[in-house]
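Here come two complexes built around subunit A, the first alongside subunit B, the second alongside subunit C.
And then the complex of A and B:
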C-alpha cells in the first residue's frame, strides 16, 4: 500500500513538474565531447544546444511546445553513433544531426526504415540531394561537391576565368569523408584543363612529412584541403614550414575553424577556407543569446566558444531545425509534431534573406528553398581568410555559386545507382 | 646527380628526423617494460597529460575550472598570469612524479606478482582514466604549445645542400632540435643507469626482481622511480609533438607509432628504441617516395606495421631485445 502511495506521489510530482514527454519536441544531439576529435565536436554541440535553449527561454519553445534536448556521446565513432541512434529511435527524435560522414552512411538506411529525418549539413552522402531516393535525408544548404565546385569557381575568378595548365593538389583525409570531392574535382579538371594531384593522409593525420615533401617537389599552384581534427593544424604548420604561399592554400569548411589555425600561430596568416555561414559576434542574435542563455548561466559547455566558427555552425544547424519544425507545424496545423511531420517541414523549408534578418542573422547563411528534387539547398559558400594578427576570420568574398548543373548530374547518377542496389523506387513522399 | 636520387636523399633525411620523434615516444615504453615487465598502454596518454599540464601552467589556466564553474556557477578560467616556460616545465615534472606515486600507490602496489596481462589490462584502464581526468582538469579544446623551440625550414641545411647538389633539402628545425634533445635524453638515461646508485638499483630490478629484493632494493621505490622517468620522457615527447600541431586529445594516438618501433628495436633496449625509430622513419618515407606513384599515398600508417610484422617473422625479440631462450 505504501509503495502504491509512493508511486502515485512520484507520478503526481512528475506531472506537476512540467510537460510530459509527449508534449515536448525532442531534438537529440549526437555529439562528441571526448576522443581525438572532441575539439571540433564540442563547439558544434554547444552552439546547437544554446540556440535550442534560447528558443525555449525566449519564445517558450516552438509554437508553444517546449523543446526537449538529449545528448548522446559518439566520440566520432561510427559504432557508437549507431548505438546512440538505437537508444533514441523510439523516443520520437524530430531530426538527427550525426556530425560524422561515417555515422551518416550507417544511419541512412535505418532512418529510411524508421521514418526519422536526418540533416547532414555540409557533410554525409552528397547524392542525398536527390530527395526522390533519399526521402529522409537532407543536406542543405551545401554539400561536399558544392564545396569543391565553389573552390574551383573562386580560383577561376582569381585567374581571369582560366585554370588551363594550373596544377591543383587535393590533400585529403583518407576516409569516406576525405575522398568525397575527388569525383567532382576530376570532372572539373576535364572541363577547366587543370591538373589534379590527389594526396591522401591517413587518420588522424599527425604525421604528414611525406605528403608535404611531395607537395614541395610537385610545386602545385594551389593546395585544396579536405581535413578534420588534428590533420588541419598539422597541414597548415607543414605548409608554413615549406613556405608554401598561404593564400594559395584553401580548406573545406571543416578545415576552417579557430581550432585549425590557432595552434600554428603567425604561420597560419593568410590561410583560406570555405565558409557555409557567417562567423563572429556581429549578429543581432547574440544580444538575445547573451541575455537569455549566457547571462542566465544556461549555456552548454563552458560558454567560451560563443561566436567561433564551429559554434556558429552548430547554432545554424539548430536554427534550420527550428525553422523546419515551424514549417511542419504550419503544414499540419498541430504544434506537437511527429518525426514524419518534421520531414515534411524540412522538405518544404524556405529560407529567405528577410527571414534570416528577422531571426537576427542577416546574411549569415544563403537564401534557399528545399524541394523533393533538391534536398541540398543552394550550395553557395563564401571564402574566408585567417588574419593571425587580429586572430579572426574575415570573409573575403560574397556567396559563390557552385556548378549545380554538373553536381546534380553526378548526384543523379550516384543516387540512382544507390536506388538500384537497394531496391528503392525513386519517388517523392509529398 | 639525378633528381630522383636527390629527392630520395631528402626523403631519407626527413625520415631520420621523423624517426627520432617516434623514438621519443617509444623510449617511455622501453623504460617501464625494462624495469617492471609492463607494457604501458597509457604511455601515449601520459604524453598528452604532460603536454596539457604544461600548457595549463604556462597559460595560467585554473585546473578543474569547468567542474568548479558547473558546480558553483562561477566563471573562473584563468589565474590572470602566465608562468614562464622555465618554471612551467619543472612544475609539470613535479606533477608527473606525483602521478607516478599515485599510480604505484593505487594501481601497481595491488598487482604485485600478477600475470603480465593483468598489469597490461590495468594500464588500459589507466589510459582511459587519465584521458578523462586530463579532460576534466584542463578541458578538451585545442591548445597552442610554445616553449620557444624554432619551427620551419632550416635555411642552413637548405643552403648547404643547395651548394653541394644544386637542390636545397627541406628539414624542419623542430625535428632537428628533437634529434638533439633525444641525444641528450639518451645520454642522461645512460649516465643515470650506469653511474648512480638509483640507476644501478633500477638495472638490478630489471635483471631479476627476486634477487634485487633479496639485497634490500625496494621494488615500490624503483617502480615510482621508473614511472617518474617515463613521465618525464612522456613530457619531452608531448612537448615535441604538441609543438608540431597543438595539444589536443589525438596526441595520445602517437603511441600507435611507437609499437612498430618497439617490435623492431626490442622492448628492453634504449638504443633499440632509437635505431627502431630511425629504421621506421626512413623506411616509411622511402617507401612512400618510391611506391606513391604506383599504389597512391597514405602508406605511412600501415607500412610501419608491415615492416614490424616482417621483423617478427625473423627476429621476434627485435634488433636489440633480449634473446628468447626456452628450455624444455
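And then the complex of A and C:
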C-alpha cells in the first residue's frame, strides 16, 4: 500500500517535472557531497555553482539567457554517475563535468552517441586531447600526462637538467585515475634515466602502512603522488611520520588543497603540489562574488569553502564553461544554444590573458586556445608549496611547460587504438 | 473472496506439484510475465530502463544466485562481488578475443567460468562452516579483486586498468555499448532473469534442491540419510556462482559498459547482495526479487521523491536516503525477521481467509 502511494507520488512528480518552458541554459553539476571523497567534491561543486550564480545575478545570464543549474549526487560512484547522466541527458545539458575519471570513462561513449559535450578539466581520459577521435570530450587546459611531465620537468630543473640515477616513486590511487600517469612516467624514465617505482594504494586509501614501509626501504629521492580524497592527508601524515623530506614530496593538482594538508599540521610544511590555476582571494572577481552571491545569501553549500584551492578550481571550470557558451552564441548567433552549439563553442575556445583580466581573474590560469586537433589546451602548470605556519599555499614557480611533443605522440597512439576498437573514423565535426 | 481456492481441484500429480498451485497466483504470474514482455517494452523510457529496471533485473539474478547458496544450502558467502567480477572479466576477455561470438553465449560462458571458480573457492566449505566459511569467501573476494587489478592480461594491458564493453548485437539489434537502446537492454536482461529464475525454481524443488536443504538443516543427519555433502555443497557453489557470474557479466556488458574491478565489484557489492537475500527472505525465489527491489529501486525512488519531488539539496537527500534505507532494514528485520517473503506469505494467508477470518 505504502509502496503504491509512493510510486504514485513519484509518477506525479515525474509528470510535473516535464520539459521546462522558459528558455534557459542548463548547466548540470554531477557533484559528490557525500562519501569518502566529499572533502574534495564539496568545494568544487560550491565553486562551480557560485560562479554560475554570479553570472546570473550580475549579468542576467549568458547573452541574456538565464542559467539553470541542477545538481545530482554521484558519491564518486560510477553506477550513481550513470544514473545521474540518464536523469539529465534528456534535459539538453550544455556541458557535463563529472569530476571523476571513472565516471568519465563510462560517459565518453554515451556522450558521443547522445551528442553532449563533456569537459574533464585536469582529469579523465588523457588521449581525449585528440579531438578527431573524441569529438565530444574536452580536457583543456591540462591533463594527467601534462601533469606528470610538468613534475618531471620541474625535477629536471631542480637537478641541473639530469635525473640520471635518481629514484622516483609514484604513489597512486589504485583506480583508473591513479594509473593514468604511469605510461608517461615510464616513457620519461627511459628518456631521462631515472628509476620509476609504482606503488598503488587501494581506494579509499586510509591504509597506507605497507606502502610507506616500502618507501622507507627503497629510499626514493622523490615521491610523486596521484591521490584523491582521504588518501591525500593520510599519505602526507605517513610521510611526516617517517620524516620523509617534504620538499621532495610532490602531489598532482588533486592532491594539493587545504583539506589535504591542514589535518597534518606542522608536519606538512614544505609539501609541494601542482597548481593548474591560481588560488586565494586576491582576485578582483571576489568583490563581485561577495556582493552578488555571498552577501545575498545565494551561495551553494555552507559558504565556508570560498577561496580554497578546489573552490577556485570549480570556479575556473564554470568560468571556462561560460566562456565557451559565449563563444557558441557568437558563432551561431543565437542566445539559447543547444549542446551541439556548445560543443562548437568549446572547440573554438580562446582564453587570452586580457580576457582573464577582464573577467577579474588576472594570471589565474594559462592563456590557451582549443582546436579540433587539440582539445587539451596548453598543459602548463605551476608548482605550489604549503606553508604550514602561515597556513597558505605559495606558488614557487612560474608556468612550467610539459613535454607536449611526447604527450601528443602517446595520445595519438592511444586515441587511434580506441578509434580502431570502436570503429570510429577520426575526423573533425565542424 | 479475492484469493479463492475453493473449486480449484487438482486431478493429476503434475497439476498438484506445479510452482503456482493456486489459480489466482498462476494468473498473476502470467499477467506479470505478459506485462513485462509485451507492455513494458512499449512504455518504458530511457531513464526508467537505465536507472531503475535494468539494475533491478541484474541484481535480482545475483540475489537469486546467492539465495541458492545461503538460503537453500546454508553456506554463508561474502565473495559475491568477486564472483561478479569473474563474470564481468570473463565476458570481457571473451568479447575481445572472439568478436564474432554471440553475446548471449558470451554471457552464458562467463557464467560457466564463474561456476568453475566458485567450485574452487567452495572447496573449503567441506571443512569449515558458518562464520569461518564467511571469512574464507571474504578472502576469495579480496583475492579476485587483487588479481583483476594487478594482472594486466585481464584488462588487455589498457593503461588505466578499465575494461569497456564493445558493441554487440542480438538479431541485429545492439544490446551492449553506447548504441544499445533502453528496450534492447531491458529485453536481454529480462530474458536472462526469467530463464535463471525458472532454472533456480526448478533446481530448488528437485533432487538437488532437497539435498541442499537437507545439508542446510543439519549436515550430519543429511549425510546419514545418504546425501553426499561434497556433491551437494559443490553443486550449490556451482549453481550459485553461475547465476552470480551471469549477473556480473550483464552488469558490466549491458548496464555499466565500462568497469574497474575494485570500484564496481568491491566488498560493498558482496554486502549489497547479501542484504538483498536477507531482507528479501532466505530460501525463497520471490525473496530474491523483493530484496533486489527494496535495495535497488528503493533508493532511486527515494532520491526522485526527495530531490526532484520536494526539491531538497542533493547532499541532504543522499544522507537521508542512507538513514531511511537503514531504518527500514531495521524495521523489517525486527517486524519480520524472515524477510519480505515471509511478510508476503502472511499477507497471502490473510487474503485467503478474508473477509471471514477465524
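In this text, the second predicted complex is superposed on the first by the 408 of 430 C-alpha atoms of A that agree within 3 Å, B and C clash if a C-alpha of one lies under 4 Å from a C-alpha of the other, contacts with A are read in each partner's own complex, and residues count from 1 in each chain.
As a working rule, contacts are C-beta pairs under 8 Å (C-beta built on N, C-alpha and C of every residue); 3 or more make two chains touch, one makes a residue touch a chain.
What you see is a predicted model, and the numbers here were worked out from it, not measured in a lab.
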{"item": "Clash or fit, subunit B versus subunit C on superposed subunit A", "value": "clash"}
{"item": "Partner chain in contact with A:33 - subunit B first, subunit C second, else both or neither", "value": "both"}
{"item": "First, second, both or neither for A:115, with subunit B first and subunit C second", "value": "neither"}
{"item": "Partner chain(s) touched by A:87 [first = subunit B, second = subunit C, both, neither]", "value": "second"}
{"item": "Partner chain in contact with A:362 - subunit B first, subunit C second, else both or neither", "value": "neither"}
{"item": "Which superposed partner A:78 touches (first subunit B, second subunit C, both, neither)", "value": "second"}
{"item": "Partner chain in contact with A:102 - subunit B first, subunit C second, else both or neither", "value": "second"}
{"item": "First (subunit B), second (subunit C), both or neither touched by A:426", "value": "neither"}
{"item": "Touching partner for A:280 - first (subunit B), second (subunit C), both, neither", "value": "neither"}
{"item": "Which of subunit B and subunit C A:182 touches, first, second, both or neither", "value": "second"}
{"item": "Subunit C clash site on subunit B (candidates 9-17, 117-125 or 225-233)", "value": "117-125"}
{"item": "Subunit A residues contacted in one complex by subunit B, in the other by subunit C", "value": "33-34, 38, 42, 174, 200, 202-203"}
{"item": "Partner subunit C, residues of subunit A touching it in the complex", "value": "6-7, 9-10, 13-14, 17, 31, 33-34, 38, 42, 71-73, 75, 77-79, 82-83, 86-87, 89-90, 101-102, 105-106, 109-110, 112-113, 125, 174-176, 179-180, 182-183, 200, 202-203, 414, 421-422"}
{"item": "Contact set on subunit A toward subunit B in their complex", "value": "33-39, 42, 174, 198-204, 206-207, 209-211, 213-214, 216-217, 229-230, 233-234, 237, 240-243, 259, 262-265, 267, 297, 302-305"}
{"item": "Residue ranges of subunit B touching subunit A (in the complex, touch as defined)", "value": "7, 10-11, 14-15, 18, 66, 69, 73, 75, 77, 131-132, 135, 139-146, 151-153, 170, 172, 241, 244-254, 257, 284-285, 288-289, 292, 296-302"}
{"item": "Residues of subunit C that touch subunit A when the two form their complex", "value": "46-47, 50-51, 55, 149, 159-162, 164, 166-167, 177-179, 255-260, 262-264, 266, 300-301, 303-305, 307-309, 313-315, 317-319, 322"}
